[in-house]
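Two complexes follow with subunit A in common, the first pairing it with subunit B and the second with subunit C.
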Partner chain A sequence: MRRLHAALAVLLAGSMLSLPGSALAQERTVKITGFGAKSGVVRVFGINSEAAMKAAAGEINSKGGITLGDGTKAKFAVDFLDDRCNAEEGISVVRRIASTDAFVAVGPTCSNVAESLFGILQKKVGDASDSGLQFPIIADVAAKGGLAKISEWAFRNVPSEFEMYKSLIAWVKKEHPDLKTMYGGVEKDFAHSNATYGVMKGQAEGAGLQVLGTSEWLLNDTTFSTQVRDMKRANADIVAISAHPFTTCGVLKEMARQGVKPKLLIGLTSSSSIETLQGCAKQAEGIIIPTSFAPVTPEAKLAAEQVAKFGGSADLHSAAAYEIMFILKDVIESQKIMAKPDTVQADRNKMRAGLAALKETKGLLGTVGRTADREAIKPYLYVHAKDGSWQVLHKPTL
Partner chain B sequence: MDLLDLIDAVQSVADGVLFGATYSLLGIGFTLIFGVMHKINLSYAAASIGAAYASLLVMSVVQAPAVLAFVAAAAAGGVIGGLVYLVGFRFIPLANPLATLMSTVGLLLLIDEIIVHATDGVPLSYPALFSDVIVQVGPFGLRGDLMFVFALGCVCMVLLLLLLYRTRLGLATRAVSQQPTASLLCGISTTRVNVLTFVITGVVGGIAGAMTGAAIGMLSPLLSLPLTVKGLIVTVIGGLGSIPGAIIAGLIVGGLENAFQFFRGVSERDLYIMLLLFAFLVFRPGGIFAKSSGRD
Partner chain C sequence: MDFYLGLIQIIGVHTLLGLSAYCVLLTGQVSLAQAGFFAIGAYVAGILTVLAQWPLIPALAVAAVVSGAVACAVGFPALRVKGLMLVVATVAFGEAVRLFFFNFTYQIQAGVLHLGPHGAEGFRQIRYFPQHGWSTLDVALFIWTVVALVMAGLWWLDHSRIGAVLRAVGEDELAAQSVGINITAVKVSAMTVGGFIAGIGGGIFAHYTTHIEHAQFGVVLATFAIAYPILGGLSNVFGTLLAAVFIQGFLIEGLRFMGDWRNLLFGGLIVLAMNVRPRGLLDAGTTRALRRLFAPRKERSGA
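Entry: the complex of A and B
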């Protein structure tokens, strides 16, 4: 009997020793769920956002993690769900996230998803007659202007394309006063490209440039000869292309074939990525694009390195996801979020209030301002494609 | 319309006709499989693009001249074609037309998603031959790369017709297509003919995928769906099972697409192509070369 007791004691001690540290010390984990496109043709956006969120979480965790409302330390863990850039799936994914004890979600990739998704959130906080979802969401990629206005639970850390193109066109007018005319090209069936072209055109006209015409094509078009021929006939000083890398490259290659050489080429923010250079570095040479990310500061360089380690690429979209993780850390600590199953709705309210109260946040290129309608005012610069890479052309004084 | 407009319109149509050679090849693939098995293989265009991607993989490993991309795409297309038959047809009850149709829809999505996962959906540059060559014919300029694509398409079509009408395999294929039971009684293995049909159409599809990549200068998973639609339209307009019909229909669709683009713009272009499809389905369901009595 004594031997049996001794054996049991040894077994018990052994099992206690073999328990992972977490069971004894109970280090807490706060899971942040991101969502976006991880399948389909915009998969790369989801891959980059996930990598950026994980890289930022790794950075935060390596520096001690986050302090929760009860004073305990916790580490970030990142989960990322696929919405396939589809509005219905995006809504379904967020409902699934909201059914857990998550107090915030980061996403989505596509503006069409954000537009529908923000519509299911409660419009005004505290409106008892509105049964919309009371769950804070902060977008990293969806770039169409003004989306956060849809709900007081919606936030964005995306650059203002209106401000960026306004500034870029003004700079072009100042630096190249001899350029008088512009011709546009737009991917007509993609919300972001279409909306941004409206901004480009409006700003150009406002700055006194004569817009000679616009060529249109679709996201999955295979020939651009007719559109580029119109462009050639217009013979404008500036050509502005508002399209994503696949058709941007298709059009640039067709322009090269037809010998269309404008004095200045302007591109869409989303095209200032590695995909454009992989597809058509030679033809894209010289294209100028405003962007809210380039590895020009120590923080941005570190972020780019860390994101690459997680299998992603840092660009203006994924950099926003990286910054969001630090924003969430600050809000969790300032709002004393508990991150416990019994404080879920209270934590969501605190997170929303904390995000809404932000006047500025730390960004990779400098301080990011926050507007009353929950949008970001991000620092930006102009890059141009040169020798097969994106290089900084000009950093405007904001 | 002034003279410049007229020149541009003709030029657009000419470009479209040259690019239409890729549609013709895709249409041939669809129509050949339908002719032999009386099945529509909806994964055909996706498999063709998959083959073109595979050729890029080969080119990244082997430093070879750009023309070898077409050879690699053809070889990869043949392999993928065989696999498509194995997965989507071999073990599916052929008597149920819906079963094979759905299996090819599944394969379309599967191939597309494999490409997306392998490339993260990032468009990749595809080598083009003669892309710097422009042949001036009066006021018109004919793109060297499109002319090469067109010529290659024509060579493929001639070779395919020779294969079908001048070889024993072609004879067996036509026999299975026309009288499957009788050909079985004559000792022809329908399974073997079916496999070979998929491999041959896969080879043609691989070349079509490479031609598409070369003509655009890029490859993207975005291409699968529009090319599937174009291939089906060409097959219907050309007449299900008619190779000469598919050839002519491909060129017509390519030319009309650019003509509608020129005159009516991008937002209406596809509308007219679809109307053309419906017009054929209603008034000439047997396709271009069908006798007018073919309806009902």
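Entry: the complex of A and C
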């Protein structure tokens, strides 16, 4: 028996000695859960967001991780849940995340999911009569304008498409004064595409362009001959397509088949992605799109490389997810978030307050402004498809 | 806990949707119009609580009556056709309703906000539950009270002469007609009751999701509506409930941890369930066995 005790003592001492002093305290992990569409037509957005969040977490962890409120160091871990771009599932996913120790969630992909999700959150902070969920959510992809207004617990790091298209249309008018007419195409059943087409059309009319008509199709459509025939009949100088890569490519291919060659093509922000080039690089040649991401700065180049390592592609949406992880790190440190099971609600309140207090954040293209209604004012530029890649066409002075 | 209560809410609303199709299926008709009635209920109830500031229960009652009335009106022409033609007719109706709401805009100014349905962008801010301080538990209890009432009503219907008439029409129309049953009246009544229940379900759905839009009420939802009673079995109302738990609780939520594999398994498990239990998860045989198991010994011995 004495021998057994001695052996145990030796083993224990050995194991203690083998640990470096700093590791005697257990290394802590802060799990950040993202959610979005990883199935269906828009699944690529979820895949890219997950890769971007993991890439950013890897970057942060490799530089020492995050410092929590009690001074301990922690590493980020990323989990990502699929909501299938379905509002009911989105609500369920967020309730699932909120039932854990999480103090923030990142997502969703689809604006229709964000509409519902932000609706179940408490509208005004501190309103005791409102039983909405008190849990901060920061959106990376859901791009329909003004969504964060729905709740004071909702935040977004997505660009203002209103500003982007206002600027782009003004630039087009200045650079191409000969172009007088525009024809629109819209993926009518997708909230983001539909809302953004309203912006494009409004800005075009405001800038004095004559809008000759609009063709409509649905997100799951695969044939576009009727819509393109109408487009051909209108014979407009500019064709503006407010649709995601899948139907944008379908329309562009049909335009090529029917010989529709406008003098200028404008696309939706979400289509300035690798999917468009993979699907129809030849037909997309020349299309101009405003975007809040291009690998034009050292930070953006690094982010693009890191995201690729995690099996994703950096575009304006996944770049936002990448940036969010750095924003969360800053807020955790500035608000002294503890990330302990007994401080969950306090941490959520601190996270919300910290996000709301931000006036600007560091973005991959430069400084990102924050508005009082919890939206981002992101730097942007115009890219065009050229020789099978996205190339910077113009960088507006903001 | 909130997560499970939220899941219970979802299961409750989908049970109502399934029960709306159950009524119609009892008469042997396959209707894919339930998503349309569900949509009508959602929009009507949402408009009444958000724009007219009505309390929830009267809003749900009106939503149910409007959906039921539309179902009755649709029932007359639609039920003149049978089988696959009825499926096509009801899909067409469901799509017509969806496209109506796709184009329907009716907004009012409330301070800086515009409230009300806004075409393809949907109808946001249907926040009756949080605005009135309802906790997740309150909402779950409310939904399940409604589900229990509807199930009790259908159970009674099923065990009354009316239920026998519905099933008689479902089993053999010709035989039912030959004993003097008015087939059209029975089918339209079943459709109306189904529309009424779908209207209640849709109204509650709008309020727990807080935002509705046309895309939520498409063919996929219509397929789910008939899948619940078919998968669950038509022997009694509990089959639909069991199927809603199986699909929403297990296949959708329970398998979420499987990531991308979940969608593959989803279809596979439904096919498997239908092969293993071709008459439904809770068929007549299982119901009899359960009754024997839980019945008092005296009753079992026939005393």
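Assume the second predicted complex is superposed on the first by the 378 of 398 C-alpha atoms of A that agree within 3 Å, B and C clash if a C-alpha of one lies under 4 Å from a C-alpha of the other, contacts with A are read in each partner's own complex, and residues count from 1 in each chain.
FYI, contacts are C-beta pairs under 8 Å (C-beta built on N, C-alpha and C of every residue); 3 or more make two chains touch, one makes a residue touch a chain.
Treat the numbers as computed from the prediction; the structure is a model and nothing was measured.
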Subunit B versus subunit C as contact partner of A:39, first or second or both or neither: both
Partner chain in contact with A:271 - subunit B first, subunit C second, else both or neither: neither
Subunit B versus subunit C as contact partner of A:131, first or second or both or neither: second
Touched partner set for A:122, first subunit B, second subunit C, both or neither: second
Partner chain in contact with A:89 - subunit B first, subunit C second, else both or neither: second
Which of subunit B and subunit C A:98 touches, first, second, both or neither: second
Which superposed partner A:196 touches (first subunit B, second subunit C, both, neither): neither
Which superposed partner A:188 touches (first subunit B, second subunit C, both, neither): both
Those residues of subunit A which subunit B touches in one complex and subunit C touches in the other: 39, 188
In the complex with subunit A, residue positions of subunit B that touch it: 4, 8, 11-12, 15-16, 19, 113, 116-117, 120-125, 131, 134, 141, 143, 145, 212, 215-218, 220-223, 225-227, 257-258, 261-262, 265-267
List of subunit C residues in touch with subunit A within their complex: 1-4, 6-7, 10, 102, 120-122, 124-127, 129-136, 208-211, 213-216, 252-253, 256, 259-260, 262-263
In the complex with subunit B, residue positions of subunit A that touch it: 39-44, 47, 188, 216-223, 225-227, 229-230, 233, 245-246, 249-250, 253, 257-258, 274-275, 278-280
Residues of subunit A that touch subunit C when the two form their complex: 38-39, 81-82, 84, 87-89, 91-93, 95-96, 98-99, 112, 115-116, 119-120, 122-123, 129-133, 144, 150, 188-189, 191, 194-195
